[in-house]
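The first chain written gets the first letter, and so on, giving A, B, C, D and E; residue counts start at 1 in each chain.
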Amino acid sequence: MNVVVLNEVRKGFYLDSVALMRLSREVAGSPGVIEAALMMGTPSNAAIMRNAGLLEEGSAIKGNDLVIAVKAESEAAAREALDNAIKSLDKPKTQGEAQAAWRPHSIAAAVKARPEINLALISVPGEFAAAEARKALNRGLHVLMFSDNVSLEDELSLKQQARAAGLLMMGPDCGTAVIGGAPLAFANKLTRGRIGIVGASGTGTQEISCLISEAGAGISHAIGVGGRDLKKDIGGITTLMAIDAFDADPETDHVVLISKPPHPDVAKSVLERIGRSRKSYTVCFIGASEVQLPPNARFSPTLKGAAELALGHHQIGADFDANAVASRLPRSGRGGIEGLFAGGTLCAEAQVILAAAGRKVASNAAIPGVLKLGVEPSGGRDRLIDLGDDEYTRGRPHPMIDPSVRDEALRAALKNRDLSVILLDLVLGYGAHADPAEHLAKIAADRGPDAPVLVASVVGTEQDPQGRSAQIRKLEQAGFIVAPSNAQACELAVAIVQNAGR
Amino acid sequence: MNAAPSTLQNKTSVISLGASDLDRGVESSGAPLVRLQWQPVGDGSPEVAWSLAQLVGDTTDADCLGSRIDRANAEVLERILTAQPVWVDIAAHASEVWPDMGRTLLHAGPPIAWNDMCGPMKGAVLGAILYENWATSPREAEQLAASGGIRFAPCHEFGAVGPMTGIISPSMPLFVVENKTKGNRAYAPMMESGGAKTLRFGAFAPEVIEGLKLIETVLAPCLKAAVTGIDGGLPLKPLMSQSLHMGDDVHNRNTAATLLLYRAVTESLLKSSISRDLVHETLRTIGADDMFFLSLSMAACKATMDAAHGVPFSSIVTAMARNGVNVGIRVSGLDGQWFVGPADIPVGLFLPGFSEADANPDIGDSAITETAGLGAFAMAAAPAMVQFVGGTPQDALRYSREMAHVTIGRNPGFTLPMLDFIGAPVGIDVRKVVDESMRPVINTATAHKEPGMGIIGAGVVQAPMKCFVDAVGALATTGAR
Amino acid sequence: MTDQDRPQYQQLLARKVEVVNVGLEGFVKDLRDCDIGVVHVDWKPSAGGDPQMAALLAKLGV
Amino acid sequence: MAIQSSIKANLYKDSVSLMRISQVTVARTGVQRVTLLMGTRSNKEFLQQAGLMGPALEGAKPGDIMIVVADDAGEKRAAAEQEIHSLIVGEEPKGGSAEAAADAPPRSISRGVAIADHADLAMISVPGPYAAAEALKALRRGLNVLLFSDNVPIEQEQAIKRVAARKGLLVMGPDCGTAIINGVPLGFANVVRRGAIGLVGASGTGLQEVMCQIHRHGQGISQAIGTGSHDVSSEVGGITMLQGLDLLAADAQTKVVAIVSKPPAGDVQKRVIERAGAIGKPVVICFLGGEPAASAGNVHRTSSLEETARQAVALAGERQPGGDEQSIEALATRVCASLAPSQRYLRGLYSGGTFCSEAQTIWRAAGLRVRSNAPLAEADRLADVEASQGHTAIDLGSDEFTVGRPHPMIDHGVRIERLLKEADDSTVACIVLDVVLGYGSHPNPAEMLAPAIRRAKAAARGQGRELPVICFVCGTDTDPQAYETQKAMLADAGAELVGSSTGAARAAQAIASRMAADDNATARRVMQGGER
Amino acid sequence: MKLIEDANQQALGRILEGEPRLIDIVPARQLIPGLRERMILHAGPPISWDRMCGPMRGAVAGAIVFEGWAQDLPTATKLAASGEIEFHPNHHFGAVGPMTGMTTMSMPLFVVENARFSNRAYCAINEGLGKVMRFGGNDASVLKRLAWLRDVFGPTLGKAIRAAGGVDLKSIVARGLSMGDELHQRNLACSSVFLREIAPWMARTSTDNAVLAECLAFIGQNDQFFLNIAMAMGKAITDPANGIRGSTIVTTMCRNGTDFGIRVSGLGEQWFTAPVEMPEGLYFAGYSEKDANPDMGDSAIVETIGLGGFAMAAAPAVAGFVGAGAPSEAGNFTRSMGEITVAQNPEWTIAAMDFAGVPTGIDIRLVVDSGVVPVINTGIAHREPGIGQVGAGVVKAPLACFQQAIVAIAKDLGVS
């Protein structure tokens, strides 16, 4: 057998002998290596190495020198083992369990401590968020930026930087994403499957992913892009990258794109990109009228409709008949609807449905064609309020985290003699309140005998920490009527007021 | 007959062992509950379990055997903690200490006959015979040993301790350590330099004999001059204490202690009348061997533990020693008896070219350091040591914490920085070893199983449960009489 | 095109996500519950909360 | 400022350690000033200059620690000095810290005691040969013991009970299946409300049945003390039973005491009855299977579990609960109507040993000869435990059935096999099953038994017979298994539900008597040529 | 920025590649050409007499008397206040000094040579404990010891060092780290290893047994003896790393009892200063915070190369000084310092951290970004001159220095 001995001497490099023995064992385990030793060059150590045939004759070493000696079956194996030994000598060490009690103060330190990290989830106050995101991008991390209040310029420059580095910049104001089953920020526990989601809207993504998951199909990934990604200024940078990512993902067959109606230029480039994709698409521009689509895409103006298209025309909540439910309710002669939404996209979907049903609607987060609340008098209109909007959340948590944000409005609505129906949504999942149904039930318990009908839908899955059916049961016990989806809750509200009007 | 009305008035707080299904009622009631991960004690025999139960102390029954043992143990612990081992002298020859030694060779571990000795021990015996000129060739030496011409006795029975094979022959110089508290003395041979080829690892080649002669003629006189130059001798406890704060366990790592010893003798040596050449040679020898202090560490521990030996009823281990075949322990309250069990092969790292197949079972008196609460018991002081068993620094802390479960006290003189300066656990109670089924851990070097091959690695080993089980049995029998 | 040649973001979906969490600590537990590796940063505003300094730093490339 | 000084001799500490100890002491005790220095000459000079040198420190050697505490308040100085000494020795890592959590879980009683919150009772269910040793260790550390384990050597049992008696501690067991101490259910135990009745029992299931019935009568249990089955033997002398009586006598919450046991050995029985007579509270004694005895003074004698529970509840002043004799008669009549003449024998398949004894007692009292693997009289021992013979009551919890497998209260497999086997026997008139709920028992016994009952009944029906299965559920509505649901599931399967073990045995006996009577009538009719 | 990253790698490389050897002991005037009569080098960034703290003034007065520029201390003080004495930082002359850091022409200095870059750095000999000039001591006993160091000890040890052919320092530090030293507050092991290396050579080169014993005893009884050598080593290692355009690596941290000053590689000789903080720590019996002087000395050069507070994990005993944390938490100091440094030094490892290298190369960007500032292990001087050390503890570098440096480097690189 061909035996090669290689020596390397590091002058004046002292290491504890025990550490060296451990390294010796590691190196000796390399392929093709017969024997290896890392030792300080004391005379007795030199003797040991000579006896083991590890030391070249005539090598002059001193006690302070570190000798790395490798005996191997080939020059290449010896060289490689030697290089590895030197590398492991010089490599920074990460510490094991002792680190548990210690927390890094910066992204840089976190990445140093755990080099496997590949994504930063950033939810610091908006004014600092861009700087943190930039640091994360600098370190080669994808970013999910939950924070909002980031300037458009910052958003654009971050997304440009990300694109240049081949990194995904989700957000700012990205409420949810699910990457490979990892719930990022507000997200539901979903069945895994072959449908992907690209969402410019957090609660929209949640509603669609939950409807799909509860219908028995599953989600591969849900990529959030942030509320402004499809604005003209940003140009859909992240959306386009997300489409690329899904094209490359063998786990995904079909993709749902959810957004408010984008700027026409951006819509054009996004749809054009979709047209080049090998996957089929469902496009949901909430409230938009039918748009010009490539052949591999279908369109829906509502979340439920989008979910149904993605499921292959499977009808969601088929056994829920809004008119039948409404007809069983006692009639009241009033007729107004008030919607109190935690999810902004759910509020938008409600506007679409109510408007389509011929209702006169006003909202603080009005979609095109809907009256903006507070701008003109809204008397006689249904009011659909997005309680996650800035005016309600300034200095307080989002209603998904703290449902009490909605309390005041709900109490007032319950006493409002002009209303027939109060429409509510309940968002479950990670990040959300631990038991929102219990909270709502408590508030509703004080209502008078002739209070408006409470109609709700629950965005969530059975696997969610709160448990979808448990939450529904709690609501039903408290006298709410719970529809299978937000869209159906809206339809029911319409049916009730129409019934009342007859 | 007394009833126990207190039972019913107290809030009930339960310890549960055995079937965990039975805990559910207690859990549901909200009563405090501690579940034990019970397993049969010691070697798993019910008889031992019952014997052991007889030895448990009882604060309300001062006359029961267990309470007597507890009192005796408190006395033993006091003796251990108050010991003041001081290096006072070098005996130029062992025969000065024991004038009627004759052709006696002292060895490590419990008693053993020539035929039963392991390879390294036999090699060391041959070496010692050659060194003493009782024979002129290894062959002749072997005949002499085999013919019964040599008396063998454990070092421990002579107040001495020897590392690895631990051979002490009449001409060898010895460290003399005195426990100033009790006035007893302990002895240990000097560490040979010369790398792998040493008598303590069973080598007997001519250069080994030369090395021993050098110790006798150079090192011993120099160190004698050095120690006599230090007024009152060199107190070892502060030095060892300090070295624990410098990463030593004073068993397998003596780097800092040796350095501190070097510093302590340098001045004294230079002031002495010894020639500069010899001084230079001595300083070079000590300076080149990071383990040089081990002999003094062992002698200090021996002086400490001997003072604690012989307290009737005590269940504290006063010696753990291995002869390469068996591990033997001595128990304070069971004077004159060894309790032995088969020695294990240390688990650890090997020098290049060697493997576990070459290893001799555990050998040497150096486990006296663990007996005195150092070595593996103070592993938290020496995180580098756990590398031997592939552990992390956290494991070092775990060793020191776990050993506290088999000891009765902590030594405030030997504190562990990484455990916030808590004292190292000390005073191995054979009852606790058996009750916890937790064997004392020992840091050790590994010898080649063939004589003369020397050190091939280092690691940790555990003393066999049988020693402790037998000691428990003996305590129960003695106590019952 | 092999997997290695693709831009990183196209590989993201095929990799196990490992997260550094900066901000709301509540997200950490959710991720851990899903067996996702996560390190939480004990975050304080960069540069002691001085946005100008923070911006400067970002430009100097932290 | 007063100065107090002392020496900790012969202990070296480096200056950093000493500074830390001083600092911690000041922080913890609020003492004004602490100075710790090794006794070197220069340190002594320093103390001299600082005016801190006390006479106690003159003799300090360089290897000694000089301790100087300064404060106006003497108690603060003392507290500080104590703190210093404990800090010098070092403090154990705090329990609950990450450090301690990293430690191996406790394996020994002594470590258990160290980490527990004032433990006062050890519940031991390790294998019998080891159990007494653990019990002794627990007793030595001042714990009462519930010894669930059986197969404990008798001399070890005697030894631990002697130690316990001397220390005023209680050893419940060996072979003690259940107890309730201060509301804490131990071993196999039902969830019952707390109340005025204290129980002492040598039998586990007997105690469970009595406490469940008391609960169902609306009363509750103050304490239930198990003694283990050997306690009332002459070797052990009823140590625990007598202790238990004393305990309940002294327990303020206990108004009435009830004892449930197999008949103790002669001298033990005498002592127990004597002691019971002297405790100044009403005592109900049920020595199951013993000779009937008359009540005297405060001691009321009963002969069934049901009667024991009723009597105790009555004495507790609650009310006089009624029996269910009438419904039992009705049941027997109804059941017998569908039986074939060949069906004459009773088969009790019990998981609870006491139920087996009680059934034998009741059946024997009605003049039936009952064979058993746990017979009241040796002459009635079953030759082959696997083969029933005439009227048979089997304790499936006894050793021959449980070696190497779980107790039938946990695993119903053996019982179900036996049930199906009995269903094949055309001479069987009815089968009695006990269903024990509570902690420790199977989480859903009815789910196991109901299908088996259906199969057994169907098998018999396939052979042209009806097979009545009488069940009673030993449990309460507060048990984890849900009493009513369990009953409903069994009733669904066609079982005849009876409210108590005693009732079940009586019902079976009534069936046997009727069938025997029918038999006679048939015989007569045949002789008279009236039939066919 | 790539420019910065590249510059930092270069600076780091220079730090890690240093080959410091102790080669001699030589009087200051022979080493530092510019060091003249009536000129005193001091610790920290530049400072004038009127802003000097008590101990610094005390030391200055002592140094003046020691050099014979005045007969007594009052005269010396007057002389110093008159502007007749020139003051400069040690750092401007390749030197460093602990605490007050007095360097004057006749003092013997350790000479450490960085063989890799052929530069040299200097530091005075550690005076031992008790009343010493570095803590502002200036009485006769202090001056007498300085004279002995100048006349006896320096020449004796210098001879031995030369005979030994110099002493390699990096391996001594590595050993020290494995024996509980962090090289700032604790130098016991390194001092002992140094003694072991040099004692045989002293025995060989000294002919006078009494002098020899005296010198050995001086080293043997001074657990901090090695600190001054380590400081000169730190200076020798960091100097070649200075002046690399764009580099944000800190090359100097020092204090003069009034100001804390840093210098950054990319900004050359420019000082960034801020008021120095009070150390937190433990006090010797009889003293408290009230007696403490703000932090002082060039010794923070050891933190600059990853030792001292940065290597706290190696010395849990020292962590005890901090008061706040338990010794078992020593590792957290080192981990935190890992956040503001760009690398670990593979040659200097810590067993208790599973042999991780000490955090090396302080990056001002990381400091400002994380708000984590360097921690420095330090001795605490009495605020009055001449009393000496009253405790030991840790002090934090003021964030303001680093912020100023960020602004300056941004400006230098044309970033705004």
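Rule of thumb we're sticking to: contacts are C-beta pairs under 8 Å (C-beta built on N, C-alpha and C of every residue); 3 or more make two chains touch, one makes a residue touch a chain.
Heads up on the chains, UniProt names are A = Succinyl-CoA synthetase alpha subunit; C = FdrA domain protein; D = CoA binding protein.
All values reported here derive from a predicted model rather than from experimental measurement.
Participant: Minus chain D, work out the clusters of chains still connected through touching contacts.
Facilitator: Components, chain D removed in thought: just one piece.
Participant: If you walk touching chains, what's the least steps from chain A to chain D?
Facilitator: The distance in steps between these two chains is 2.
Participant: Tell me, please, which chain's centre (mean of its C-alpha atoms) is farthest from the centre of chain C?
Facilitator: In terms of C-alpha centroids, the chain at the greatest distance from chain C is D.
Participant: Which chain pair shares more contacting C-beta pairs: A-E, or A-B?
Facilitator: Looking at A-E and A-B side by side, A-E shows more C-beta contacts.
Participant: Please indicate which chain is farthest from chain B, where distance is taken between mean Cα coordinates of the chains.
Facilitator: So the farthest one, by centre of C-alpha atoms, is A.
Participant: Roughly how many whole angstrom separate the Cα centroids of chain A and chain C?
Facilitator: Once rounded, the distance between the two centres reads 13 Å.
Participant: Between chain C and chain E, what is the separation of their C-alpha centroids in Å?
Facilitator: Centre-to-centre distance between chain C and chain E: 38 Å.
Participant: Can you work out the whole-Å distance between the CA centroids of chain B and chain E?
Facilitator: 43
Participant: Using CA atom averages as chain centres, what separation in Å is found between chain C and chain D?
Facilitator: Computed value for the inter-centroid distance: 56 Å.
Participant: What are the residue numbers in chain D that touch two or more other chains?
Facilitator: 14, 17, 20, 99
Participant: Among all residues of chain E, which ones touch two or more of the remaining chains?
Facilitator: 175, 178, 317, 320, 328, 351, 353-355, 366, 369-371
Participant: Can you list every residue of chain A that touches 2 or more other chains, as numbers and ranges?
Facilitator: Within chain A, the residues that touch at least two other chains are 16, 19, 96, 98, 101, 104-106, 108-109, 135.
Participant: Give every touching pair of chains, nothing left out.
Facilitator: Inter-chain contacts occur between A-B, A-C, A-E, B-D, B-E, C-E, D-E.
Participant: Mind listing the chain D positions that touch chain E in their complex?
Facilitator: 14, 16-17, 19-20, 22-23, 35-37, 46, 50, 52, 99
Participant: Under the stated contact criterion, what part of chain C meets chain E in this complex?
Facilitator: 44-48, 50, 53-54, 56-57, 59-62
Participant: Residue numbers of chain A touching chain B in their complex, please.
Facilitator: Residues in contact with chain B: 16, 18-19, 21-22, 24-25, 28, 35-37, 42-45, 47-49, 51-52, 54, 63, 69, 96-98.
Participant: Can you name the residues of chain B that touch chain E in the complex?
Facilitator: On the chain B side, the touching residues are 242, 245-248, 255-256, 259-260, 262-263, 266-267, 270-271, 276, 279-280, 283-284, 287, 382-384, 392-393, 417-421.
Participant: Which residues of chain A touch chain C in their complex?
Facilitator: Per the stated touch rule, the residues are 103-111, 113-114, 116-125, 127-128, 130-132, 134-136, 138, 140-142, 146-147, 162, 165-168, 179-185, 187, 189, 220-221, 241, 244-252, 430-431, 465.
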